[in-house]
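Paired with chain B in one complex and with chain C in the other, chain A is shared by the two complexes that follow.
Take a look at the complex of A and B:
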């Protein structure tokens, strides 16, 4: 509460000082101030937060790494020679070589692609399922809502790791594309519930608004109201939840790959490299520490970014 | 209250059959050769094939055959007969040896979460906005954001191998000292959540009317906090910790695997690695039941503890 009051007080001061912030223009007190939208307010709030900038830079960096890994290292991650086993840093390999004699740093850089791909695609698929279920449940209410909400309850009650183990053990194929697709599918099927609840509650709020009633009186059908009037309002909170979910999907993918049931070699994944590095950590720790640091920073960046945006968009927390 | 418990029980029975059906359908039935799927990549001898066909009634076909085998599996599960792993050991025996270790580990983790999480949460809630509050918020964000597969091996390397503060791995029949580091790693996640929950709920309750009344009656601040605020603030924390006990029993796969602790999660970890289908299904089935029961107990506990909550 006190936070809210300080913000409100400083905004009043800003208003008194006039739009350009210059003192000494006393006649401007009564002049109407240009109203700021919620997005504008949130952006003002975000700009001042160092955590937002740090996590945004990290997210952009890792995205660039996934898109063009060649920018960050000129070494080939699959160029491995046992003669270089646990060799000291040399040339472009700034963190030395791992047990198989591969460049530790190059492998960590190339590992970003699988992680981000799985994270982003499962977040998109999650978003699609969540929007569909949340919109239907929130807009129509009644028995549709009752049935869909029970489905959400049941799926929410399934432990993610155990269910993923059972589902992924079922995948017989070793092809890289199939495995990536399977991991994405499993994460989305088990992970859409939280976002669906968020969408449902924002749809219920939007449904009662005057502009929806106005659109209905003008003769708009259910489909048009949902698509043009309710969806834009349900989208913002869903995107915030999905940013945080993206971080946890990346962590989940790494965990599954670590266990040996997610992605498999020759796909380069941080989870696989962490597991390999763990086995040989007594000889050399860098092959364990480097992919661990990459994974932890990426997951943290997405979670902190989502957290910062959510705080900025939630007026109650100000 | 009675109606709520009955309804909740019915829901659990439904969830139990739903989940076991899914587990069973995915592991044993469906397309392809179930015996080969069970054995993974390894070759199956004719004797093994004949044995498994007879054991799981694989000669019955169609939907009827599927449900026949499913109810076979369910009735075995309910009788506590989990069958044998591919190596021939009884899964019931494996689990009986593993449970005490896992429970010990879960208790250490919960103790860590309660002692540090709740204490720091109360302090942060009372001094909201202070340096201590902001530092704990940032620290818990870090803990919540770092996956266990990073935390566990790094803790093992730095604290166990490099600086040798703790024993790096636990052997068979581990003692308290060997389980301390894994317990802390396992409990750190619950610690962070418990801290945040306590902080929010203490900060909220400090503004409640009954606290103002207690203060204006002249009660010392210490008594207001320790008796009035704390008792009401701990309701969500207790229920959260209840859910966590269920989670920790099933969620210790990574920690137990990394630290070589012969608990339930470790056996599951090994079952996945060695492609031991029956072992994985047996353990997953039991863990799902544990998880469901823990959730049921917590829901009922919630309704008992907090009279404001009504499930109708």
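Take a look at the complex of A and C:
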């Protein structure tokens, strides 16, 4: 009974929402109803999913932290005093103080910026490389594919951490910007292969579809077919891989910083703090747990968000 | 006529202005790792303005591959056009540079695919897809392309066209999707429309509607149409001429009425006999025994001989020419006349 009423109510709402969508005025040229776009459909899908809202809120929270850390804490993360070493929570320092006597919470908040910047920019750069390589390899096939696929194999064979250590050791400058840039560059250059393979395989699938033949039948050229017909259809898996990669890049940045070759103090990053916290874990665990939890939640949020968006944007799942 | 019957002729007579579209002795092979499959072995047909040619044959007979070769959308490799010519208004499309070839596609010759759902891009609204060609090729503005898209959707009788412009392909029914596909193909007002099994993926009732629509559009827009199908029932009302394909060859070519009245090739005869009839109750349906040949190992002589009730030794040894039976009728059978005159079976 109540189900029926809900359905009826939502139908009424739908009818009210579309003012020009009345039957009986079928062929009014120039006055079409607002089209139901793919984005619109995806949005209708997404807003019913709790996972989407939870991950979105977390992502927005972290992004806000990165943009305006002052909103979240009034303490200065570099205002450290050994007198407060491992002191209990007090005032704004809700998680207490670390070995150096810095506010653990404030440092975690300020650490978001470096981590997110590295994660997002590496993912973007990775995406650009992967789309280019995957598209060319998948679309043209033949020797282009053979060469690019072997390049992918070779890069994939390089151990990420080892190569990152070798490459980052060569960065002489200690300037924070240079180091952030170097970490982004290294992560993207070593990390684009998985995404490129995914793009390549989905391009191959899309290329074989009839709508590509139909576009060609209507006289579209290679560029147009790649850009307009294949890319949008091959993008969904790439977006998922990239959101997941964004999470793992943040983790990789933390790893590199943890190993002492990524970002360096005085830059504040979760990796550096996790490293510092680890050393004094036995005296106080919070300086280790707090940045680790921030890192884990951020990575998880991006991965969940990627997954939810993928589901919503894939017309084949409808 | 009996003297006529044994004289092999290369092609049917060409009118002074030339045919609108002519496929001449086309050979296509697929080069795969398992070997070379000879998919098209010397297909010739022609199409004049305003005409409907039906190309009939079972799966793998090469009817779609011929159409794709005409359209220039064969995947090469593995496909390889080894010889032949495809003349459009006297110009060989196969020797045309790709850039000029593209100008022909869609504008002069357009094609409708079998499965409209997969032939429409799932991520774009149908209005965008119909309009895309107009914007790209004719440089229309968005608004103009939109208006024209609505006109085209009206033309193919999609109800409430203006309202459905923004809908995605998955929101349409099968028949409506095929109409969208037809609207896309008609966007550039082509002179030749190739319909590759346009009704195969549809319900029987919808099939009839789509065939009627295609016939009406062909007449109203004065196009020529190549209708590719394996359904003899579909062809009878719509086509002017029929070309029956088997193992990459045209085995019989005739106008609809004479072909239905007296098929001159055993394969055509077998096809016509296997149509279920209302007056034939309880009995077993007639079939053509055997399977279509493996195109990597096409039988010697006449490729149909292993399945043919008329087969003699000569059919195993000698490849039959196209025998002209008058009225532009041809049949690639050593016993074409006997088959045609044999009304009994």
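Operating definition for what follows: the second predicted complex is superposed on the first by the 247 of 318 C-alpha atoms of A that agree within 3 Å, B and C clash if a C-alpha of one lies under 4 Å from a C-alpha of the other, contacts with A are read in each partner's own complex, and residues count from 1 in each chain.
By our rule, a residue touches a chain if its C-beta (ideal position, glycine included) is under 8 Å from a C-beta of that chain, and two chains touch if they have at least 3 such contacts.
Keep in mind that what you see is a predicted model, and the values were worked out from it rather than measured.
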Partner chain(s) touched by A:128 [first = chain B, second = chain C, both, neither]: neither
Contacts of A:169 with chain B and chain C, given as first, second, both or neither: first
Touched partner set for A:216, first chain B, second chain C, both or neither: second
Touched partner set for A:57, first chain B, second chain C, both or neither: neither
A:254 touches, of chain B and chain C: first, second, both or neither? first
Chain A contact footprint on chain C (complex, rising order): 68, 71-73, 77, 102-107, 110-111, 113, 115, 118-125, 127, 132-133, 136-137, 143, 146-147, 150-151, 154, 159-163, 165-168, 170-171, 181, 184-185, 187-188
Chain A-facing residues of chain B, complex: 11, 14-15, 18-19, 22-23, 26-27, 30, 32, 37, 129, 141-142, 144-150, 153-154, 156-157, 161-162, 207, 247, 250-251, 253-254, 257-258, 268-269, 272-273, 277, 280-281, 284, 287-288, 291-292, 295
Chain C partner contacts - residues on chain A that touch it in the complex: 21, 23, 26-38, 41, 142, 209-211, 213-221, 224, 228-229, 232-233, 315-316, 318
Complex interface listing, chain A residues touching chain B: 1-3, 153-154, 157-159, 161-163, 165-167, 169-170, 172, 247, 251, 254-255, 258-261, 271, 274-275, 277-278, 281-282, 285, 288-289, 292, 295-296, 299-300, 303-304, 307
